[in-house]
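In the two assemblies presented below, chain A is common to both, partnered first by chain B and then by chain C.
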Partner chain A sequence: MGLIPPAPRRPHLAAEELQHLKWLLGGLLTLISLGAVFYLDLEALMLTGVAALCTLAAMVRPRLLARVPRLLHTLAFPLVTAFFIGDVWLRSEVLPAMVRLCILLLLYRNITYRQRRDELQLIVLGLFLVMVAGVLSVSPTFAVQLLAFAACALGLLLAITLAELQLTPAARAPVPPGETPMWARRAEFGHLIRRMRAVLDWRIAALGAVLFAGVVGMSALLFLSIPRFQLENSMFLERFIEKKAKTGFSETIRFGDVTEIQQDTSVALSVDVSNVRRIPASPYWRMLVLDSYQNGVFRASAEQRRNEFDPERAGTIAPGGLRPRRGEATYWTFYLEAGVSRFLPLAGAFQTLTFQEAQHFRVAPRLAMVALREEPVTMVAYRVEDFEMGQALPDTRFANRWSARGEQGTRAAEPLVRLALSDADQAALGEVIVEATGGAKVVPADFVRRVGEWLRQRHPYSLKPSIPAGDGDPLVRWLRSRESGHCELFAGSMVLLARSAGLPARVVTGFRGGSWNGYSNNFTIRNSDAHGWAEVFDETAGAWIRADPLDSGLSEAAQNLHGEAAVASRLDRSWKARVDSLRVFWYRRIVSFDQRAQAETLRGVKDATRSVTQELRARIGSLFERAKTWLVAPWDLRRAFGSAAAMVGAGLTTWWLIVRGPALWRRLSFRRGAGREDPVRREAGRWLGRLAETEPEPDHAGVRQELQRLRFGPRASWTEPEAVFRRARKTCRAARPRQRPGRRRTTITRP
Partner chain B sequence: MNLHEAAWEGPRGRRRRRFSWSGLVWSFVYPERGHRTVPTAPGLVLIFLALGIGTAAYNSSSNILFITLSLLLACLILSGVLAWLNLRGVEWRLVLAPPLRAGQETTVVLEVRNRKRFLPTYGLWFEFNARSMDDAAAATGHTLHASGAEVRRIFSKAAADEQRARVPLAHRLDPESEGRVEWTFRPARRGRVRVEVCAVGSLFPFGFLRKEAGTATCADALVWPAPVAYRSKPVAAPRRRVGGDRVARPGTSGDLLALRSYTPGDSHRLIHWKASARSGDLLVRQFSAESAEGHALWLRTDAAAWGRGEQFERLIALAGAMAEELFRGGRLLRVAINGEAPRPMRRAHDLELWLNRLATALPERETPTAEPRVANGAGTITFAPDGKQGVVAIIGGEVTAWA
Partner chain C sequence: MSDFVPVAQITEAAQRLNRLRANMRVSIRGKDDVIDEVLVCLVAGGHLLIEDLPGVGKTTLAYSLARSMDCTFSRVQFTSDLLPGDVTGVAIYDDTLKEFVFKKGPVFAHIVLADEINRATPKTQSALLEVMDRARVTVDGESHAVGAPFMVFATQNPVDFEGTFPLPESQMDRFLMRLRMGYPEPDDEREILRNARGGYDTIAVNPVVTRGDILALQALAPQVFVEDSVLEFILRIVTATRTDTEFRAGVSVRAGVALRMAAQARALLRNRDFVLPEDVAELVVPVFSHRLGLVRQSSDGLEERRAVSAALKRIVASIPSPA
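Presenting the complex of A and B:
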């Protein structure tokens, strides 16, 4: 039982070479999978690194695996099981434990010689890791990782299929620990690459590339056409993982927290705006309101959490406090990166907020805040209808309370005014107020302006502030010094000074500014745009007015900029912006693709088809019209001659194509190229042609058959070519030329 | 003896049909007979993976999962397209090289060619099957009434009689080239045998689906009786004629019989130089054989005498083995079976015809008792049962061989 191999035009990869190729592809697959989870915050950095290094070493020198102690193979399964159970038990997080288990299994599969089922296990484990990484990060790099993984996995499966047919039963058997299979002993990178180059036909490689592009196109089509239903379930992976905000935007902020965020230049937030005219020159994206201060720490008080936030809801729509306006609404679509905060950045009071996926959330309409129940593990997309983007945030409830307290004379007991400071600190604050305002009684707006100027004059801005050592409140110490400070210190000082002056004040944290991406036309806000500012209550306006001591960079004219002018002032067309635009495209078109977008896409395709058809029809109609006009125009000799010449030219070209076209096509076609490779086949073809020009006789049949065997048959069936050609020569000499009326033509018919 | 060389066939039989999209679509709805596509273990994993990811995608509305699902489905579609392309343009034909002998290995060759212009074909396998046709011929026109167990027993017996094997075409089959697949099998008994290529299949490209196309490629052949070892005893030769019997058979002692092409090993003294010079080919002289002793062989397959199947098979095997040995020694002149006309044994072809006849010989209810004119002066070898299992050959009432 066996196979006589066909005559090879290109060499074949031997079974051992296919084994080596499989091994390399498996290793590459593992590296891609490990790369996908490398950047995830799953506390598996060390394990991932070790697994990647071991995989690389095994890829380069597969024979090293024979040195893996036998004991490790024996204990592998119990150890891995114990590791997983211990991991889940100690950390109480299922998903990270599963990811670590996956990495461990991948590591083990790469330090043992794999069988067919192990390769399949490798693919499934790798896919799990890539998928988890994609779901958790919702990053555009997921698309690249998935495509690389798919290409690698398909290559591996192909290699497995081809190798299985060549492997002997002995080669398929598992390799005992401590032994090296033959392919690993002979494995050599350079040799495999040379063999691959010899085996690979560029046409097949090109076809493979085209087919893979076809797979990508097909999956895109499937993605667009798979029917979507909104099942209103929460993200399933969230149940298995707990995540903390990386940025520090939480209910408690110490000095330096926001500054730490500012060191990070990664994108925190992308914002699409439906109406560019509504974009302010210097937008503030508020996230948290911190109303309580003690010993250098601002925090959101329990009272605020209790009184200001509505009860928790589940769903996709969160109503804000803003009343609907007349005219066209402006839609702001936010893409908040994972790990920023569970408090959503907002530009002010809003009308309606709609999540892309159902969420558990609480709304504080008067604070213009929305808080999710848990830290989101993935990017959160939400759309807000209309913002009130002024510098003042109306708060009638607090205005009434403040007014009532004024009548009762209990304003000093108001939590937003009360200061838990020593008398010395209180006195120091009073001195600063007198110095900043000149001792005059001023309205809150003036107070904010003057104190802001005083702070800016006295303290330079720095991301590396220093607070002088000593007794008392640290913020008051800094205030009295001339040390540099950052936004938190400026905002905190403003709050302390305002409260000391009897004005309700609080700290707000979030982002300020951002850049306008010139490629994707959206706001890009980075973590480095993190900012803290103060809000002081203006009794007359019944609203909280923004008091940002650091807001002096823009002139008044610049601050009033809106729309195109504001966009132009923040335009970013750098390479970074180009990369960010891909991210936004990913969020807009892929991640946010839902039932509505699907319907819009279908409508778009329908409209595009219709418009193309209409345009085509119009063009054809116009062409006919022009031809008709040309025909009915008066004819003269020159026109007639020109037309006749054109017709003759067209006829001659057509005739040439009919006569010479097939030969030309054959010359360009692959068959011709392949036939040219073998001189024996070419020679046999020539003799067949000559034989066809002679009168057919029964004696010729044998020679013709032998020539056809040389021309088309497998090499294994050839007789001695020279002898066949001698017989053919003799036959041709002895034979009579074929008598045919008219032109003689040679035809070779394939058997 | 000619090769059994069949016509080229493809996955859709001998007829080459033009490709049409409607035909392709209909083939999904009504697959051709014998064509089937079955998911393999990796394919099942992929399907369950796709189901799981799809469920998770709908539950979570996560487009990341929808993308993964789409990619998995696209890979499945690509797998189907490549599998279809792989089988397209592939043709094969069966070459069966007789003689086939019961109990001896025989090689069946399947020539495979790829008619595609620039796409190679990878990873094909062929399912071979060899089965005896005697039972099938006997069963023709009969209706069998049997219980389920009996039917199962009959089927299992039929399956046991069959010899099956899956032979891979391990290497790539380049465009417009041919390859050969060889299958070696051992016919269990004499008679008619049908060698079939039941199916051609492939796991190409990714091993998700096992695609099989049933084929009608088959070749029939006769299986000669197995050679049997026997003991012989020299007996008195028939009376010699003067000058001996001249037999028109190649030999070395008689007159010039013919000229033939030179083959390596021929004596140089036999080269006919004049004829060689005239024809341009090296020709050697061939003489007729001259034998003085000869035997005739008469085989009676009387069902009453040869009631035991095993003993009858031994009879046939002995008749074949003795005929071969006598022919090689130039001592076999004629053969006959039952009342059939005697056949002269002059050439190797006559011996082949005799073995062909033995391959299909069956016990007859009525056989002539009178010896046909096979002897013509030669000693006639007949056969008789020897006990319950043995067979003896008899010349002139004397036992000359035992088996």
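Presenting the complex of A and C:
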């Protein structure tokens, strides 16, 4: 066509627009990576914030970058190197220093105009940050971040490739400091959005989405089928990060500690139960036993730590005190969130506890406690085989000691009865006991019930307690007042009163209750479920019985609720439960994904596929069968007419689809952003382009003219477009492709 | 659609133009593209500036066009002492009628050949240009219509600048196109050598179309359909001349309209009722080149014209044509 260059088939983004898009995608990628670090407990908050702000500013106004002083570009490399060396030298932690270095480099890349190589570097740096954050935190947000990152990186790579095709060598050259490239000078959001709308066909967008979903799906399948290895144990990353606790239970409680945790409604613990019938109405998740009391503070005594805990072990299996029982065991799988405590929540004495990953731990079988060496910084998963879920915790060793002391008459010296209180306080406690029990000598169970009732009648429950000022023990002061109090005060008072009455008693902290997530079918226990209660020793039973002064809401019938009824009473189907179920899915299937779970999942996928196939096959078979019986059945006039009409209808529909289908499809793909563009005109343009690629033949002229009329002619003069397109298709198929004039090789011949 | 022209009308127009073209070919040899461009200019109702050396057939071209369509032809040789009245005509006192009577000048013809227009003074030039613009002559408050169709062939010598008054750019804008005749091919020239007669008066050409036919063609051309993407193509070319660093200034709005009109006429010539991007691309150089000046002016007129054409071709090649 002489002067006219070969025409592009559909609108494209110009090189400058692609560069702008590339810049925005790079910025977004940086922000996603920085967001990943934000959740990491690293000392890089300030740096991350600065980097994020600079990136945002550069995204919004790319031409600002020309104002960055030239000196910064000159000094960038020495400064970053010095920063890294200094960081490693001063803090002697390699990984955090590397993360900070990475953030610095990202920052620098976002305040300079990037070349292709820099864009690729950006992707690698971002990936490093996202991966480090993911491995260290193992949180469900990691999945979201990685998905967003992958989508963004794919988009960026596409933009880079497209830009490479269009950019002139001059535009590829690095931008000298202090200068603004043309694209940044002309960058405008509204324009880019309008152009994107014009360029983005819904079919392209849909294709992109399908491809991305395909990539994600393939990755998921790969993840399911590759052999598992322990990520954290095989990677060195965790050792580089110093362990640090956020909140949580510790071996001492001062009044107020537990309620601080109660303010926090985030999930603390998720529990899977293999047998729903074993779920009690009101489960207590014990974590810590505090046996020593002094001046308003309960703490775990040194003796307890020394005597009750077995020596530290390393590994995955922790034997509990409980003997194996007959019948099928119930498995309880716990997912304890990071930063809750190093003491594992347990529902009572247990048979075996299996960690998902090897841990350093100590077991106290008689206290039904397991303590890790350090507070975990990631989620800890463990499975417990069979709990003794009753209200009583048998302790034969203490029972023996207690009865021996009874024979020797040294019961008052027992640490679990001893009270370091003044005489006045002791007397006050005695008065309360007389008031609560009526002065009669009662068995521990009755004592607990009566004192509990007395406490509840005298003190209202409140999360904002007040302890009256005065002399003596603060707990006794509260006990004698009528002030409101929280669970710790109630539990502490119960212990003081029991000890005063000569009964061994201790405070236990942990969680009470929880909700049953109706979506993922597991217990969800939040930090706000934190609770403290007492345990009093019952000599006749030889066991510690639970004495929760605040546990009165449940009637006798409710107390005996078990299994489904208990579940139903705690069912949670709120949107929050839906979000939590995702977290549980993440833990069950992705994070704590061992070989057994893997095999289970694979089997599940296989079963599902097979059942769907079988179902389909059965349905198709039955359809055929029905068609056959229908055909075989005797024919009458009505049936004959009916089937003839149906066949004609089907034929007409097919014909209509063949004739009108392409036009319908074109109307569907009509782009709004492209404005005036008509689908028939576009199709005609496409065929003209194809025809131009073929070797010209004289008989093409007719088709070409018809196509030109459709493309550029007045609409009123159009003849049937579909027929023209059919002819064009036929012509293009028959035609030979145009021979492009190749570069001639000149051969030098010797004379 | 209102702008839909019946096919029969288009075919008839194309046939007339074909007859005209064939007729002109008899006297103008080997210059088919020039004939086509002259016809485009005629149908679009514009005026033509021919720049070339003397004796390459400019007058013959104009004369044979006039003769082919039953039109009057006149020729004005522009010199520095030519007065506006010599071109437009003057009012003289008629003694018998006792009043002023307008004596029509040579401009009252259908085809006017203004030879070496740059030799006349600016005053005379502008008198002619005013007639070109309005197709009327006003003398003593009385206006007189010139012929319809009315078309001016102005010629210029691009090499010989001694003692000339070059047309300012604003006046160049009045011409629809600028053409170069160029030397004929050797074969054609041999044929000319063999058959050449004396002056153009001896050219025996019979009229093949009537004046009314030409007027009908001129009325039909604006109805040729221009699709939006083709208009957009024109607009992008026009914009590109304005942003290109090589030109002193871009083309005017009038130039854009002229390109559209010329493209419509070309489509009609090609027996089409719609404009192709090809029509536009082919006409960019003849329609735009005389309206543009380079930033780095060249002392050599031919050199400058070549550079402008090359820049325009580059611009057209850089803009993707609608598909």
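Operating definition for what follows: the second predicted complex is superposed on the first by the 509 of 751 C-alpha atoms of A that agree within 3 Å, B and C clash if a C-alpha of one lies under 4 Å from a C-alpha of the other, contacts with A are read in each partner's own complex, and residues count from 1 in each chain.
Note that in this section a contact is a pair of C-beta atoms (placed from the backbone, for glycine too) under 8 Å apart; a residue touches a chain by one contact, two chains touch by 3 or more.
In this text, all values refer to a predicted model and were calculated from it rather than measured experimentally.
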Touching partner for A:Leu222 - first (chain B), second (chain C), both, neither: first
Which superposed partner A:Leu631 touches (first chain B, second chain C, both, neither): neither
Which of chain B and chain C A:Gly689 touches, first, second, both or neither: second
Chain B versus chain C as contact partner of A:Ala440, first or second or both or neither: neither
Chain B versus chain C as contact partner of A:Arg681, first or second or both or neither: second
Larger contact residue set on chain A - chain B or chain C: B
Which superposed partner A:Pro714 touches (first chain B, second chain C, both, neither): both
Residues on chain A lying within both footprints (that of chain B and that of chain C): 1-5, 7-9, 713-714, 716
Chain A contact footprint on chain B (complex, rising order): 41-42, 45, 49, 53, 56, 58-71, 73-75, 77-78, 81-82, 111-112, 117-120, 122-123, 125, 165, 167-184, 203-208, 280
Chain C residues within the chain A interface of the complex: 1, 3-5, 7, 225, 227-230, 272-278, 281-282, 284, 313, 316-323
For the chain A and chain C complex, residues of the former touching the latter: 1-5, 7-9, 676-677, 681, 685-686, 688-689, 708-709, 711-717
Chain A residues within the chain B interface of the complex: 1-10, 12, 120, 124, 127, 131, 134-135, 138, 142-143, 146, 150, 154, 157-158, 160-162, 164-166, 203-204, 207, 211, 214-216, 218-220, 222-223, 226, 228-231, 233-237, 356-357, 590-594, 669-671, 674, 713-714, 716, 730
